[in-house]
Each structure stands twice: as C-alpha cells, then as structure tokens.
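One structure coming up, written as structure tokens, with questions to follow.
Chains: A, B and C, in written order; residue numbering restarts at 1 for each.
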Amino acid sequence: MIVAALLRWIKHFFQPPPAAKIDLKRRGLIVGGIAGVSTALLVRSSALGEGRTFSPELIRPPGSIAEDDFLAKCMRCGECMKVCPTNAVQPALDEGGIAGLWTPVLKMRMGYCDYECTLCSQVCPTQAIQRMPLEEKQKVKIGLAFFDRNRCLPYASARTCIVCEEHCPTPKKAIWFEEVQVMTPEYKLTTVKQPHVNPELCTGCGICENKCPVADMRGVYITSVGETRHPKNQILLDSYAGYGN
Amino acid sequence: MAECSRRRFLHTCAMAGAALKLGPLALEAATAPGPALSIAHFRTSPQAPEAIAEEAQRLTQEAINGLGGMGHFINRGDVVWIKPNIGWNRRPEQAATTNPDVVAALVSMCYAAGAKRVIVSDNSCNAAPPSFAHSGIQQAAQKAGADCFILDEGRFRKTPMQGKVLQSWEVYGDVLGVNKLINVPIVKHHSLCKATLGMKNLMGVVGGERNRFHQDLSNTVVDLASFIKPTLVVMDAVRVLTANGPVGGNLADVQRKDTVAAGTDQVAVDAFGATLLGLKPQDVGYIAEANTRKLGTMAFETLKPRRIEL
Amino acid sequence: MARSKTTLPVWLRRVSQSAFLLLFLYFFLQAVYHPINQAGRGVDFFFQLDPLVLLTSWLASHKIAAGLSLSLLTLVVTLLAGRWFCGWVCPFGTLHHLISSWRSSRVKDKLTTGGYSRWQKSKYYVLFALLVACVLGLNLSGWFDPISFFYRSMATIVYPMTNDAVKSVFTWIYQTDPGVGPLKVTAVSEPAYEVLRRNFLAASQPHFYGMTLLVLFFSAVLFLNLYRARFWCRYVCPLGALLGVAGKNPLVQIKQNQEVCNDCRLCVADCQGGANPDSPGGWKPSECVYCWNCHSACPHHGIVFSVYVPGGKK
C-alpha cells in the first residue's frame, strides 16, 4: 500500500498533470544555459581570471581562499561586513572584476584588520573565509604596506610623525626607521625618522594606512602583493607557499 | 545634582560659542596633605595571576595612602573620571594597557571616599569593544561598580584650549562636566617620544584627528596636560613595556617593575616613570617642555617622594 | 469589498513569519564583537537553512560545506509538503509579503497584480543560468539568493541608516536639552539611549562604499511588490525556483469544493504565490507558498489544504 503510494508519488513528480507542470520552454533554458556558460567563461578569460594577474586593491580578509575558489564559495552575503569591528570590510565594486561585485574587500581608509580578531572567518557561512585560530591568522599576510614618499610627512615635508609605526601591531614592528638629516622650509637642517616597511614582518593589516594623517591619499598604503593565499602574488624570494585549502 | 550642573555647563558653553575663553578644565584643585609624590614597590615579583592581582591592588592602595588617602582627593558627591589606558586590543600581560586591578582598586577607593559616580573610559586607538574587553578593564571596572562605557563618537565638543599650539580641540563632552579626573597611565616605550606616560595618556580624553599631534608632540601633549590638569596621576608600573611600544605584543618586551606611583604633580610622576625605562626625564620631549612651562617639576626627587616597600 | 477574514492558519502563518523575521534580526544583531574575539552564536542560521547555498557552493567548488546540512531538512520538507519555507519562514519573503499588502486593495486591481502570470517561469531560468555557471566554477548565486540579498542590504543600507537616525535623535536631545524646569527629557532619553547602545546600536557608526547600486536594487525590488504581489518571490528568486522544483508534487494539496464555488475569484485576489487557487485541476503546487489566504478569502469556505498522496482518489 505504502510502496504503491510512494511509486505513485514518484510518477507524479516526474509526470505531473498538465496544469501543475512548471513547463519551461526549451528556448528559455537554452538562453539561460548560454548566459551561464558565457558568464563563467568570460570571467575565466578576464585579466583576473585563473590567477593571470592580480588586482592591487583586491585585499581580501585573512583566511580567504585563492581567488577562483573564493568566487565559487562567497555568497556576497555581507556577514563579514556586518561583523568587522573596524568597518574595514566593504562590498567590492570593480576591485575583483564584475564577478567580484559585492564580495568582501578591505578598504584601509575605512578601517583596518585588527591583529587580535578573527570575527569574519567565524561568521562566513560557506567558509570562503576559513576559520582559523588567532595565532595562525596573525601569520597570514593579506598584503603589504608601501610608503608614498611624495606624501609621507618625514619624506615629503621634513615633519616628524611615525603614527604608522606607533600603531603597527606585529610583536617586532614591521616598520623601521632611518634617521635622516633633511632640509626644512627655513633652510635649516633637522633630523627626522623616515619609516620603511619590512616586508618579511608586515602582514598588510592596514592600521598604518588607516591612521596616517595625510587624510585623502595616505602616505602609506596597502596593496595585495605578498598575500599568503596567492603564491604567485609575491615579492620575496623566500615567501611561504600559503596554507592548503 | 551634578547631572543638572553638567547640562547647564554645556548649555552655557554652547550659547557662548567660540568667543568664550575657557581656560583649564573646571576641575577642582586638590592638594595632598603629605608629599606630592608617593612610590609603592613590591620587593618580590609573584608569578601567579591571583598574586599579581593582589599585588597590583595593594600597591595602588599604599601609593594613595602615601599621599594621605583618597579621602583627601575625592569628596562626597563627586563625579570622577578614571582615565586608564584602554587604547589597545591587547591582554593585560602584554602591558599595552593599564593593569585592570589597579583600575578596580581606584574605583573602590573612590566609592569608599563617597564619590557619587565613577566613570572609567578612554578613547581607544584600536576598535573600542575589543580593547575594553581584552584589556580586562571593562570587566574589572564594572565588577567594582564603575560606569564603564564606550565613548559616543558624537559627543566630542570643540573646546577652546588656548595652548601654545592647540588653540582648540575636540574634548569628550562628559569630561567637561566631571569634578575630578584621575589619570592612570602605564609606563611604555614609544619610538617618537621615547616613553609614553601620564601626560601623553591624556590623549584619550580628546578626539578629532589626534594623529596630527605627532608633528609637534612635545607642545601638543603639554598643551593638553595644561588644559586638563588631572586631580591625581596614578602610574601603573607593575608591568612596563620596554620595547616595541606603545602597542607591543612580544611578552619578552614586558618587564615587571612591581611599582605603582601616585602624585599630584603630573610632570614629576612622568619623570619618575621615565626613569623606570632607564631614561633621564629631560630626554623625553614633553617632560622637558612641561618643566620649562612650569606645569610641574621633572626633578621629582626634590619633592621628597614617600617610598613604600611592601 | 469583502475583506479576507483572518482564519486560524493565516494567524499561524503570520506568527511564524513574524517569529522568523525577528529571529533573522536577532541573529543579524548578534553579528558583532563579543568578548573575547567571538562573533555571536548561530549568526549564519538562515544560510544553514538555505539549500541554494549548499547546492551552489558544492557545484562550484566540488566541496560540501559541512555546516550547511540543515538545508537538507528544508529540501525534504519541501519535497514532501511544498514551498512552506517561502510562505512561513523566509524573512525576505515576509518583507515582500508585507509590502505587497500595501498595493491597491480593489479586487479588480488585485486580480491583475496577484493572479498567475507565465512570467513566473523566469525564476527557473535564473536558477538554471546560475547553476550552469556554478558547474563551470563561477558562483553568482549570492547576488540572487534571498537570504544573501536581504542580509547584504540590511548590513550595508538599513542598519547604518537606522543606526544613524536613532543616534541623531538622541544626540539632538542631549545637546538641546529640552525640558520643563527641572524635568528634563534627558532623564528618560539617556537611560533609553544606553539600553539601545548596549543591545542594538553599533559602537561606531558603520559606513560603506558603493551604496548607490545596493540601494537601487533593494528599493527597486521592494517597490515592485506594488506592481505585482511578491514580485521577487514569483519572478526572480532562485531559491523559490529550487523549492518550486522540489515542491512539484507535495503531499499537502489544495481541495476546492466546486459545489460552493461561484467564481468570485476572491481567492485569486489574495493569492500570494500566484498559484491559481480557483482553477479545478489548475492549481500550481510549485508556485503555492501555502499562505492560506485563499482559504481565508473564500466566503463559502470552499478551499482547504489537506494531506493525501497525489494520484490517489480525489
């Protein structure tokens, strides 16, 4: 009796009465199929596809998997954006290409990636940002800092600053100084501490960029090179190959 | 009620506008009946967390008692702002933030002296909720009964300061209305000014673009200290950060000094703190500047500090 | 015009929709820092319930996200009983349902805005295109998944705006300090503000880039509910489409009493899913969201839903 009912149910599932049919048109399916295929292929052949090149502004949260896999998993849901305590995680526009629309990207002028925080990886529903213990996250690089010597005050205008180094969270500071004698606007000589980044220590957290007093275009800024998740997007010869998926 | 007088005070400020020349904060002055500086030191350096907590509390109590007791500084009905360093998202052992037990001890002493309301807060550099929690200060302060809240970004008021460099700056609104302010810094290394101590800790009661101060740190910090003039400075030197400050991170950079100093001369307390890092007071720019401006004296030994050994 | 009575199933449905919407908002607010370095518990609960998330992330990455197996429950329930998720659980659906109820209430208009349209097939094409792209490794379902869409809009638009508005009101009261003599508004507003700050408001006002595009899509989708009832759910939602496919042959089916039916079509006017409740043999189970409005609207009690195996005795 029950088996008969079950078989009847299955039969009706695959052969419903005419009115109950979803009745999709073959043309519609073909158009949908072509749309799906071509979008996927277009993204693969785009400049950022298959790791061909890397976008410097595409700084992803620490724990993010490699880009092609990231785009496969990320639901663009915004949980990471909601939870980030510094408001650093923002919806991408073109940083990750069209396919990256609304995926999470860190904008260091809005916030920075706190050294003692792993909240984004805790809330990601598909683990596009992978959960990891804090000690492990602190070894992940999401990019590197670079000084814009045209804007950084000790370089550009003989003024003291070093707010960047003050905030740098790595136990051994990733910013070191060179004491340099420079000329002031009054044509006097003074000594300033000119900051440099140590790319071995820098994790790209962005607090330096965030706190830099040159408000509009910062004297120090982060780009994605050096990010742990992409072995090819590196500067250093001895950079580590990244963690497994 | 202090609540009403605060509102009236702010209302008056708003009405008068920028034309109102506000001098230093209307904090009631306090003079210590005894020495102006008291230094409490633990002879041993216990390792167990409970023992360190107890040490911190005892040192704080003894340091204050050395000045004549909290009752000489806090009166019945006072509204007190205890201003520790809650700047960083670090745990207490990393010595980037003030020892929570020092803060808790001060809260208890203020209430015991009859304070009506004790506020514990700071304008953190890292995100505030993690900093307040991770430093242990939020929990310790709340357990001692203090009003520990995260500052509201919209409540900084542009306040005339008439400093040498700072004409006016955004000061936290509630700070303008308290009777007493107790500055509770921790002793730390700092790459620009060599040490960050009490006067620099006052940066946590202001907002705005504080990252501009560093272009003339000595003058901006002393302008701030001249404007605020805390009732008391209690310097936490149970643990000090000797390198990679003010954020630190490496436990190897933390040294136990097992000391708490308290005083009414903020320059003298800072000068003492500088010596704990092996510096001469005059080597720290803002200490020398404050001394020149006669905000206090950096020759702290001349104050004949009371030394208490436990 | 005859207003639909609210029968018990409709009340139950409203309670369920409200409860799940409130639960969604609760989990949303839980996604903040908790001491020490903890996000709140269960913040991705609705994503766990969402089978589209599981399906698309598996197809695109060839890995099953273990935490999403709760969504299999949604699929099984839908297979057996139909799209109850859409009508009783989905918080985005609840939002659309609410706004749809503000459309013109004239029955004639409602028949246009609420009746079945063959354009409702478009959501299946959307689903198909997304799945094809997933198989090739590109997962854009997040743009169209209702839970993602709603969460993203809440996080980048609604919450920042609400936070700003509430803070501004309380800050204005604090600064102007209105009152009569010693009775100040701040005596009430400050404690209230403190409660709001501790439980709902952000410690620091959030700001987001790129709000223009997000706002355009969110408000468009909400406004379209005035044009067609539950526009998103009927025409766009790929999760609705997936559940529509799964719910093609439910055990809970409509029973129409032809003897009392006078073709007034009041059931169609109130139908949320566009499922032809008036048509004998023409009811579309894959469009029905089991809102029970038809049951409530029929003045002759001619419609009811009951359990029986399709293909058996009618």
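Of note:
Keep this in mind: a contact is a pair of C-beta atoms (placed from the backbone, for glycine too) under 8 Å apart; a residue touches a chain by one contact, two chains touch by 3 or more.
Remember, predicted model here, so these are calculated numbers, not experimental data.
Here the two chains linked by the largest count of contacting C-beta pairs are A-C. Ranked by how close its C-alpha mean sits to the mean of all protein C-alpha atoms, the top chain is A.
Averaged C-alpha coordinates give centres for subunit B and subunit C that are 52 Å from one another.
Chain centres here are Cα averages; for subunit A and subunit C they lie 30 Å apart.
If you average the CA atoms of subunit A and of subunit B, the two centres end up 38 Å from each other. Listed for subunit A are residues 85, 116-117, each touching two or more other chains.
The set of subunit C residues touching two or more other chains comprises 32-33, 37, 203-204.
Those residues of subunit B in touch with two or more other chains are numbered 127, 129-130, 134. Residues of subunit C touching subunit A in their complex: 28, 31-33, 37-39, 43-44, 47-48, 53, 57, 60-61, 65, 67-68, 121, 124-126, 128-134, 136-143, 145, 147-148, 151-152, 154-156, 159, 203-204, 206-210, 213-214, 244-245, 248-249, 251, 276, 279, 281-286, 309-312.
Of all residues in subunit B, those touching subunit A in their complex are 89-90, 125-127, 129-130, 134, 190-192, 209, 211-212, 214-217, 244, 246-250, 253. Touching subunit C in their complex are the following residues of subunit B: 4, 7, 10-11, 14, 127-130, 133-134, 138-139, 149-150, 152-155. Residues 5, 8-9, 11-13, 16-17, 19-20, 22-25, 28-29, 31-33, 35-37, 39-41, 43-44, 68-69, 71-79, 81-83, 85, 87, 90-93, 99, 101-102, 107, 110, 116-119, 122-127, 134 of subunit A touch subunit C in their complex. Within the complex formed with subunit B, the residues of subunit C that make contact are 32-33, 35-37, 167-168, 171, 174-175, 177, 182, 184, 186, 194, 197, 203-205.
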